[in-house]
């Protein structure tokens, strides 16, 4: 038997990309469980349905138009302009990018949970999958202007997570808080999630899937996937430990759902730099993410007065920013060489402010793009078909209101 | 270091087969969650137990006798006749086939849920795993007469899913509907599932596992797994979108549990042709599956008056048929060449009715075989130990009746 | 393109190790679900939190000190003495060992469920991950004295599972039974788990993850992973079948939660010998595990009067012992050659008592080590900050008591 | 006014509902309860340990009616859901002093 | 003593609680119930099959008060939770013979 | 006939059950409720936001007995489940006009 090295390489890369894509696909289940678990029982079916349709609609539209805008022939560094309808790249590459796109889209559903009209959500979801995310994606991963500038966002702390997080922020702000979330004097009420077990399962599933998300972003089989998986894991672990510790000190008891958020925050934050930082860099980034989560959740809830039932803005938006900037601090040439990210040192490794500045430009650009486009999108939806269900429906629950069903038909519920 | 290409190939194939088998294994969890979630709380433990024993008993019997009947030395194109007790093929191949066998077996448990005696189910499960499925399997994948005829059923739309679906039809029909399913005038009552969240998790798990089910059916590492994974994903997505749309138009609101069925229907339907059709072929097949689901569920419930709590007959039986026939319509030589399925064009690609006819023969043969054997099997069980629990037990729930336990001991239930 | 065989091998091994590590990681979700499902609703968040922190703290400490103690330069066959703070081995190897360490640690949380102070559990968890398990690990996998003696414990029936099981035994014994577990006359009361569905999901996840746990312990890509996966699966299947049968005969109905334990028992038991025994050896070991589960659970509950809510002591401790000893009975040179375990025959294959004796030494040594260190550890915790929550808190539930939250805020609970 | 409070088998819910509607009562309230009476529960084995499940799942249905309607409702239900087996349930008739319809503030029989 | 038993919309819980506290009642007991009355439920379609959800989720709140307090409590609540839409709920006033505070063994009005 | 309605700590369930059986009452009905009284609930912090859990989990147990049995049952329970701490619960004695055993149609004391 003879060996064709090109074929072998292609096979191996396909295998690894497929395995990674499948792991990332499974994150959809993780998002569904986290978002359902952290909200109320009367809206569980609706959340499930939003997550399912996110992925289904996104899969279709990203294939038909999104992929082309993201990876098609570059036009002025801003948008791709080929590969529509029937993209010609390797199917496994399209699949891998599809599951990433769906991740960005689905982040929003948690922040807008328990009060958004289903039809409005479906429209939002279609637009972000087909247009907002792919264009953003082109700038960096499609070889656009941010790529040329040298921004490092390995697996998308900013591109995937912050984009989702900023869209979530706009959506949740425009919707307004759930009935009962704020007292007359503006102080928040707690609205506990209905199923912490299933929410925690969701977090474990997301963590599991992240081992495809980050290491898979090598886009080819490479020994550096080991390093990337380790930095990913350490940051998540430290995110959880940090939040547990802060909440314990600050509130008197270790908060379960926030600690779960902490693990996710650590994962989001390391996503940009997983291939650029050392293990101890990852540990530091996890700790930073932990602080961002606790103070971010409080800030969004108390200062911005935005009602984000699952903490999506803090987890994806703020930790995404923190992680992307951290690359400018913790990147080390030693790791960059190993993983092929190049000889880049961050501020703390003697590389000066250069990379940090580039990172900041990227962060701000994506924030501006997403806030602007999401604002226009949600504004149009709001002033046409409307964003929010009626007060009666919100009280009754969206499961019955939007879908005529109950999530837990056999159980006696308190409310 | 020197490279032995044969060893390398064997290693790579083993790796891929194992990864795929493990993904397919996990579908057992998916089935358990879908079936438990879509039925009532008082029967949840019983369903879990049926799914667990399906797999456990099937693993054992398929190893001891099933594998030999399926892949042993061919006897007249009808049955395999070697490799019993201690099959000599590569263990990973046996494992991969085992998890497929368990899939066929477990489909039935959902359709027969909430009223079947546990002991009777165990007997059914043993017979389908040891005899009915392996013989059917031999005809096609074991190199038997349908293989020789040229039937294309890449990963088993018909062989695995329809076989399961037809057995489910016979079982559910012979059992009769659950108490309260039909009004005196024969119109159906809705009996909602008790946990849509967990049912949806099951669907995501199944979708996840299907990335092993279909791409793994290459039985070797090959770049075509990328194409196969993409067609699989697109069909599932379109199945869900289609059902959501139809149910929205037809019933006024997008139906959650049916849309979840829609994704599964798309997966079942693409299973036969995933390596033969283009992306747009897959999209078409997903849409077809969506229609089959909605009208299939209604047809089974209203015309056949068969009570199938989870929609297994429509999802696996009808979509399996639709998908297998679709190969005769959408197969394209371009894809077939890439994936090694050969230069076969379906009707819509100028290949005429040839392949369609072969597909139809396959579909009908498997339907006949399964209806007949399942009928005999269930008839014997019914007239000896009985199929159905007592009325009292059915009302009380099978968890207490069959296992002396409760699925949700700490929760107050409505019924 | 030229092929560098060393690079290729490294890539393949990294790929396989990463996939396996990720599967084993997911077992954390499995443990969390099993333990939460098999205990009461009022303690679900607490269990989740313990499992999460197990992994998070363990990941950090094992990286910083544990790995070095386990795999650092050997000191007298007893402990490793290098690679601290920033281990230099391949990251994927460290990750793989991390997830194993976390498995050993997390076993204990189930046995000590529903009454342990969270802070005390965190301390225990840190110590086992940083010290008790790594030192134990060095003896065998780190090349220490038991390795030199020739003990076979391929993936850790004893090293991982029994170590966890014995620590669980000490912890549960020192805590005492949950309020209401025993009648005044010492006979036990049943305290049913609150969610069998989620518990069963946990078992399926664990089974799924075990396909990384056992085959991954080759530590390199090798065709023997197929054999190992098959023995693993058969033993689990027979464990479940055996327990179902015994419980059916003994108690009148097939017990669901015990049968689920049976599958886990089969998995634990085959872990030592999965690369040394034939398929029928695996079947025998599964049957043995089934017996150990039923009689083990009864023994622990009725004779030892130790309250182990999820059966961890039997599943991990006793089945770990049974499986490790079984290697001395069922190991066969034929398989050993294939998998690289060497030409070792157990007692039943004409190898005499030699290997059995070595296995017994290993079993006893690990038992002694763990009982002693866990005893000291728990004793110190008990006499300083205390092990157990107050009676009031135990009655109210640890979710509210330890974390100020409820696991199921929207559901009406019975108790 | 009287409240008829019945503890019934869960599967009799629909029957009771029809009777209540037929009799012309203005409404009903249902709760999920556990009960024991002559029907003494069952012994099961959980993980090898015997456990007595002596509180069985029942539904409690409360219907408040005007005095004149009470007897016929009680009789209709008593006949309608009788199986003759233990566990058929019980009804208790409780005096009600007054009723208020919140929507209108109406009191007395008219509020029912 | 009288027991005021109210069937209310779940979202009115907080309002009722405040009123009960303001009026000075000693405590209250809440249960999750299903009810139907003038508010007749809704039709939904589940998997293509029409289903009538005619038992709606309500809360039952029980407050036992001394005789003198009953009327003012009833009035306060009746006004406090009125929306004027069907489904506002009902209140039933039930005579109570005696009450016991278990902690002290006290009986009568002082036990409330 | 009288109904003894008690709101108890969930963990006292078994004790109450034994007393009810010993006293010779014909049955009992249990529901899961939430209550507040002298025991005012607890403050917890959820995701950084303070929340007051002021409805605590309680069990409501209803036992209908013949008049003569009421006092002794009340006393036995009151003593049996007293811990002396707030939250011990309350009992309310409610007059019952009649009872019906559905299985037989029997009414009056014999139906209990």
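To keep things simple, chains are lettered A, B, C, D, E and F as they appear, and every chain counts its residues starting from 1.
Throughout what follows, contacts are C-beta pairs under 8 Å (C-beta built on N, C-alpha and C of every residue); 3 or more make two chains touch, one makes a residue touch a chain.
Note that this is a predicted model, so its numbers are computed, not measured.
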#### Entry: Labels of chains that are neighbours to chain C and to chain E
A, B, D, F
### Residue-number overlap at the chain B/chain C interface, same or different (half cut)
different
#### Entry: chain B and chain E: spacing of chain centres that average the CA atoms, whole Å
50
### Summary
Separation of the C-alpha centres, chain D versus chain F, in whole Å, is 18
### Task
Please report how many Å separate the Cα centroid of chain C from that of chain F, as a whole number.
44
### Task
Mark out which residues of chain C touch at least two other chains, giving numbers and ranges.
3, 12, 15, 19, 192, 195, 198, 201, 251-253, 255, 257, 404-405, 408, 411-415
### Query
Could you say which residues in chain E touch two or more other chains, in rising order?
31-32, 34, 44-46, 94-95
### Query
So what shape is it, when you link every pair of chains that touch: line, ring, star, complete or other?
other
### Message
Going by the touch rule stated at the top, which chains touch which?
### Response
A-B, A-C, A-E, A-F, B-C, B-D, B-E, C-D, C-F, D-E, D-F, E-F
### Task
Quick one: which bits of chain F touch chain A in the complex? Just the residue numbers, please.
32, 34, 44-51
### Query
For the complex, which residues does chain B have touching chain D?
179, 395, 400, 404-405, 412-415
### Interfacial residue positions of chain B with respect to chain A in the complex
3, 5-6, 8-9, 12, 15-16, 19, 23, 40-42, 192-198, 200-201, 203-205, 207-208, 211-212, 215, 221-223, 225-227, 229-230, 233-234, 236-238, 240-241, 244, 251-257, 259-260, 263, 278-280, 283, 408, 411-415
## Note on the structure
Note: in the complex, chain B contacts chain C through residues 1-3, 7, 10-12, 14-15, 17-19, 21-22, 25-26, 28-29, 32-33, 36-37, 44-46, 48-49, 51-53, 55-57, 59-60, 63, 86, 90-95, 98, 118, 195, 198, 201, 399, 402-412
### Message
Give the list of chain E residues in touch with chain F in this complex.
### Response
1, 3, 17, 26-31, 64, 94-103, 105, 111-112
